[in-house]
Amino acid sequence: MKDVELKMLERAKQLLESGEVARVIGWKKGEFYFDPAPASFETVEELGDFVYNGFCGANLSKYLIQASKKEGKTAIFLKPCDSYSFNQLVKEHRIVRENIHVIAIECQGKLDIEKIKAQGISAVTEVEEEGESVTVSSLYGETKLNKAEILLGKCASCKGKTHQVKDEEIILHEMPAPINNRFDEVAKLEAMTEDERFAFWREQLQKCIRCNACRNVCPACSCVKCVFDNPASGIEAKANDDKFEEQLFHIIRAFHVAGRCTDCGECSRVCPQNIPLHLLNRKFIKDIDGLYGEFQAGETDNGKTPLTSYTESDVEPNNALGGEAK
Amino acid sequence: MQEVTTKKKEFTPNIVAFCCNWCSYAGADLAGSSRLSYPANVKIIRVPCSCRVNPTFVLKAFQQGADGVILCGCHPGDCHYVTGNYYTRRRMALLFNFLNYMGIEKERTRVEWVSAAEGQRFSAVMNDFVKTITELGENKRLTDLRVKEGE
Amino acid sequence: MQRIGVFICWCGSNIAATVDVKKVAETIKSEPGVVYSENYQYMCSENGQQLIKQAIKEHNLTGIVVGSCSPRMHEATFRKTAEAAGLNPYMVEIANIREHCSWIHKDMDEATEKAIVLVRTAIAKVKLNAPLQAGESPVVKRALVIGGGIAGIQAALDIADAGFEVDIVEKNATIGGRMAQLDKTFPTLDCSACILTPKMVDCAQHEKIDILSYSEVEEVKGFVGNFNVKIRRKARYVDETKCTGCKICMEKCPSKKGLNTFNMGLNNRPAIHIPFAQAIPNVAVIDPEQCIKLKTGKCGICQKFCGAGAIDYEQKDTFVEREYGAIVVATGFKPIALDNFNEYGYAENKDVITSLELERLMNAAGPTDGVLLRPSDGKHPKVITFIQCVGSRDTSGCGKPYCSKICCMYTAKHAMLIREKYPDTEVHVFYIDVRTPGKNYDEFYRRAVEQYGVDYIKGMVGKVYNENGKLMVQGSNLIDNEQITIESDLVVLATAIEPEPSIRKVATLLTASIDTNNFLTESHAKLRPVESPTAGVYLAGVCQGPKDIPETVSQASACAAKVIGLLAKDKLKTNPCVAVPDEMMCNGCSQCANVCAYGAITYVDKEFRLGGGKTEIRRVASVNPAVCQGCGACTVTCPSGTMDLKGFSSKQIMSEVEAICKK
Amino acid sequence: MLKIAKERLNELYAKINETMGLFMPIKKAGEVNYHVWGEGKEVSLETLKTVKSPKNMFFPQTENMMKFKTEGKNIEIVDVREKLAAAAEDKPFVMFGVKACDYKAIEVLDKVFLAEPVDTYYQIRRNAATIVTLACSKPEESCFCSVFGIDATAPQGDVTTWLDENYLYWQANTEKGENLTKLVETLFEKGGEAEVETQKANTQAILEKLPFANLDLSRFKPENLNELFDDTRWEEMSEACLGCGTCTFVCPTCQCFDIRDFKTNEGVIRYRCWDSCMYSDFTLMAHGNSHTTQMQRFRQRFMHKLVYYPSQNDGLYSCVGCGRCVNKCPQRLNIVKVIKTLGGNKND
């Protein structure tokens, strides 16, 4: 992975030095190996902090809403799954495509520091990646972990390693094959009784602190002003005061991104209470696939979404239960 | 136990029906002028087209304590606005499915197409829906407890 | 602070018998915002309206709620009342306590309680109403008539006579439509051509009428008063301005084996042809599927012989775009296909024919020059059996559930004409019911039975089959309660009629609604029978429902009257209840435009102040209020809540929900 | 000092629960937060950082302030504090297992809510609570309480406790603590001073090794306010900020709230709920918003923690180094990065 990072750094330098782009959006070093933060680099000096490692899970595409409106071109590093979000944002006219230089980068699956800590490892100071094994050093000792156990939730059901958009690419090694299990958990929930499902979601959503991290990180939630922040919407709510509001927020959010959500998994990655929010969006995706034919948001940067199109023979709502056309 | 049973019997659900102006509201009018009765706990909100019904309205109704929500519109293909109800059909199919996924009883939500000529059907649909919701009981899963404070 | 007035109508005893109107009015008085609440026997009456007007003025009302019949009935009435008293007409809400309450509930307490909730709901809404101003749009003083049959012709003539320009778009090469194919007309038995063709000529000669034959509507944009229509003028390969209608080409054309559709395919016609002698325009047309020159490039005989030099094999479809203020749809009908009715043996037996085919066989200008000869062998049929309701009043799903309305009368006509001309012919008619409402209709039918000795048999036909060259019609006689078989030479099927299939496309273009039988839907079955729900679109003839010639002509004239009324105005008021975007919230994502059926939404780049002296250019939605029809599809598609609908705003609907749910 | 064997802790909880409410770190749906204790609940005392901090118990995320009951045109105002006070008196509660940083955070909040004018809602709950703290024995990499002078090995509180493999050690510090001790005394035996001292020393050694132990706060002083405010690096520090409220909602000292109305069947409930300076509508007023960019909002948060608050509270920082924001920020921004960028490290 180090070679990929070096190549990216080299390319970023070239682009900035040649003046081809005014800024490069990537990740910069944090306090630890495992906490790189998204960053915009405007000078070669700033690139001193540039990093690309197993913890660069963040989807950077949303930053382009602002960046693509700035003076000069912006180069961005997109992992395969981020490229879907990019396309979707272009489709919705949120990104000025001409102002962006997309560098498709290699991704071998990203790691989740919370999962590492959940193994009982506390006070992590260093992480080393070596192929499929990860060595974690802490103040209390050293542990070797298998990469598969500590993948980010979204990477554990990777949609595939094909970029949907790119102007150039930095891919030095073969990337792992897609993992087609993303509807398994949804199906498991579907198989439960209504009571069990209600209990499951109640318990999960009760944790919600309405911090809006899921919404604010979501590339599909790119509204200038969210209905939940807008007193004129009639459903404005700042903090949850009742179980209903948690449901309202998550139901409406899932509905608003239905047909637009690319399943990038950022919502679940950022949730401080680890609510499996992606299972909400995946339900919509699964139903759309089942009822109206397979659809992957962000596969292209144009065309209608399943909710802005129809066929005369669509299934009736009362018969649509379970998400399969009858 | 005794008390619970009697309470259950007394339960009269509160039903919100969104009706499109051109077909279903007119169908409800026809039910009226044909004197085809349905329970008084069905209350109709007139919307220009079923496609005007935002999922937030449906949720708002449940929040405020409605026990069932039904959307009525022109039959697919007959929409006064050409395609409005086609969008309704997709939106509500997905929304209702989703609500059920969250554990909301699937019978609580319904979409029916009722033309302006179907007064009989309107009445039948409403009678049936009220019966279903009465059997299902109170909406407890999507209601906002604050709304009912003091009850 | 809102000052709401509430007016509860008794509607005589219609409401007052089951709703305690006084209690409703009294209870509502304590609703926040309500400053006046009254009940009255008939709010819609002159006195009732006077009461409202007075209250608006005396109590300075900012909004009113009328608890009465359906808003579909009197909303407009009370809006006018409010306006007359100086209140914006959109500050009126109706609580439907009749159709949705008093008429369906029997228990007074229950109905009263519901009425109170309904009135409260209307109050909740009216509190959020905003005064709306109807916009204005100019009216193009020209009408389009789609379809050149008798309905279209009549409508066009009436409109043109009032001094407005009219274009008739006819998809066939000539106007005239179905009526041109008919022989005689009931109940007077005058010759169809004799009464129709002068009207066709009138059209052709009228300085205000432009006939676009062999043309079809391709695209319709705009809205009432301002339709922009793109019309495809199909290539007829004959220059309309040059052709003199001499018909030499028809004689010389070597490709003569085309089915003569005007004669229902009972004989043939050349590739280049004029559909019938009195065609308007009297101009030839080439069937490209049949023309040797157009198919192989070799021939060109007609061009050689055409003295006028009118033949143009290179002709292409052309398009004209015109503006219209109003559109009349008169697309007519066709008999249904009989594929689902094998029992009548129509496909196997040449001598089983439809009534329209019989019309051609009896017409002097038809394939047999008016002599009734049966298709199989050209002999005079001696026994003719008519079968009624073939595909009409059919609930089996094979045919149509409705009554085609014209069959009883034309069958009586056919039977009578045959008995008149060929008295030795035996005529039987199988019928379910004979329906003869209409002036002189029943008399006409009785003449057929009593004077002309037509044998009417009440009963259905089970089967028609060929036995030794004879057509055996096996049916039941319900009066005598017996199964009978009639050995016939000719069987005539009174085939159901259905709207011309092209209607679907036309309806889509016009965004006019269609019922389950493909008939165009009228705005109100009784009170607005010739208007489509789409403003500025009117319906004439069978496209709206089965009807005979007198009815069609009446409806066409009624359409014309409506169109004239519209075109006589210089400006139109537009519906103010349209979508309105809040630009501050708009992401410019285009989802709303994707679901707008009217193309009312466009996007513009706008500059917004961000604070700190910074600005940002954003793509935002913009709604054309004259094009928007106010369905609200965009409002739900919009995730940011940018789109709202005036008159049915999200806040209004949610406040209604709240009011209903409040216990 | 008293002690109780680890396996008898449930008896202790049950005993407290007989007469008082008992809130403690309990795992529910995979996450540890303060919940009401009950038999069979998954207690997780060792968890250093509950997702929501204990502040939620005194300053709940949402709380009704009053009700406007309407009937027709009449409005009656209902003061909910009477009910609240009665309930608190009826059943005072124990907060069990509060860590040193979180206890310090309550002190920070006290200075805001208990200063004149007193926030009576907060006060009622605060008075009803007996706080039992628990010393940390296994600090994490994101912990930096020592930077703020907090001793994680000996937290304050009404009662201080230490937990090792075998025992929970108990020491009352206040009258409230004594009262609580009396209630549960019978369960305890005496002793444990030596074990506690050992644990303190061990923990102390780790605390010194923590990566953030040497953060330098010296620059965050009222006199540097303008200089810090105008620092050009705020822009790059905040550029990845999503504007979500995670940091503020997990923070044990963030105290901003908003007041809103909610319509009910009976009228209107006026409630307050946590607000976040990270939100675009924070301090939104009729004239508009005084913070128009995310940078300004971001700066507000850290300036408040490190400069504004201390300048009004005798140098007391309103960060306690719990490290929740370090763990939870979706894009890995946090106060440590800000302190390092603007203040530096003592060893640098």
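Letters A, B, C and D mark the chains in the order given here, with residues in each chain numbered from 1 onward.
The criterion applied here is as follows: a residue touches a chain if its C-beta (ideal position, glycine included) is under 8 Å from a C-beta of that chain, and two chains touch if they have at least 3 such contacts.
Remember, it's a predicted structure, so these values are computed and weren't measured experimentally.
Chemist: For which chain is the distance between its Cα centroid and the global protein Cα centroid smallest?
Modeler: Smallest centre-to-centre distance to the global C-alpha mean: chain B.
Chemist: Please compute the C-alpha centroid of chain A, do the same for chain D, then give the distance between them in whole Å.
Modeler: 30
Chemist: Per the centroid of Cα atoms for each chain, what is the distance between chain A and chain B, given in Å?
Modeler: Chain A and chain B have C-alpha centres separated by 36 Å.
Chemist: Where the centres are mean C-alpha positions, what is the separation of chain A from chain C, in Å?
Modeler: The answer is 52 Å.
Chemist: At least two partner chains per residue is the criterion; list those residues in chain C.
Modeler: Counting only residues that touch two or more other chains, chain C contributes 595, 637, 650, 654, 658, 661-663.
Chemist: Quick check on chain D: which residues sit in contact with 2+ other chains?
Modeler: 262-263, 265, in rising order.
Chemist: Two or more other chains touching the same residue: where does that happen in chain B?
Modeler: 55-56, 60, 64-65, 77, 83, 87, 91, 146-147, 151
Chemist: Pick one for the touching-chains graph, please: line, ring, star, complete, other.
Modeler: The chain contacts form a complete graph, every chain touching every other.
Chemist: Which residues, counting only chain D, touch chain A once they are in their complex?
Modeler: 28-31, 33, 51-52, 61-62, 138-141, 206, 209-212, 236, 239-240, 242-246, 248-250, 258, 260, 262, 271, 273-276, 279-281, 326-328, 330-333, 336-337, 340
Chemist: So in the complex, the part of chain D that touches chain B is made up of which residues?
Modeler: Its residues touching chain B are 67, 69, 262-266, 269.
Chemist: Where on chain A is chain B touching in the complex?
Modeler: Residues of chain A touching chain B: 186, 189-190, 194-202, 227, 233-235, 241-245, 247-248, 251-252, 254-255, 258, 280, 283-284, 287-288, 291-292, 306-308, 310-312, 314-318, 320-323.
Chemist: So in the complex, the part of chain C that touches chain B is made up of which residues?
Modeler: Chain C residues touching chain B: 70-73, 96, 98-101, 103-107, 110-111, 113-114, 117-118, 121, 508, 511, 513-516, 521, 533, 577, 595, 597, 629-633, 635-637, 645, 648, 650, 653-654, 656-658, 660-663.
Chemist: Can you name the residues of chain C that touch chain A in the complex?
Modeler: The contact residues of chain C facing chain A are 582, 584-591, 594-595, 603, 616-619, 637, 639-641, 650-651, 654.
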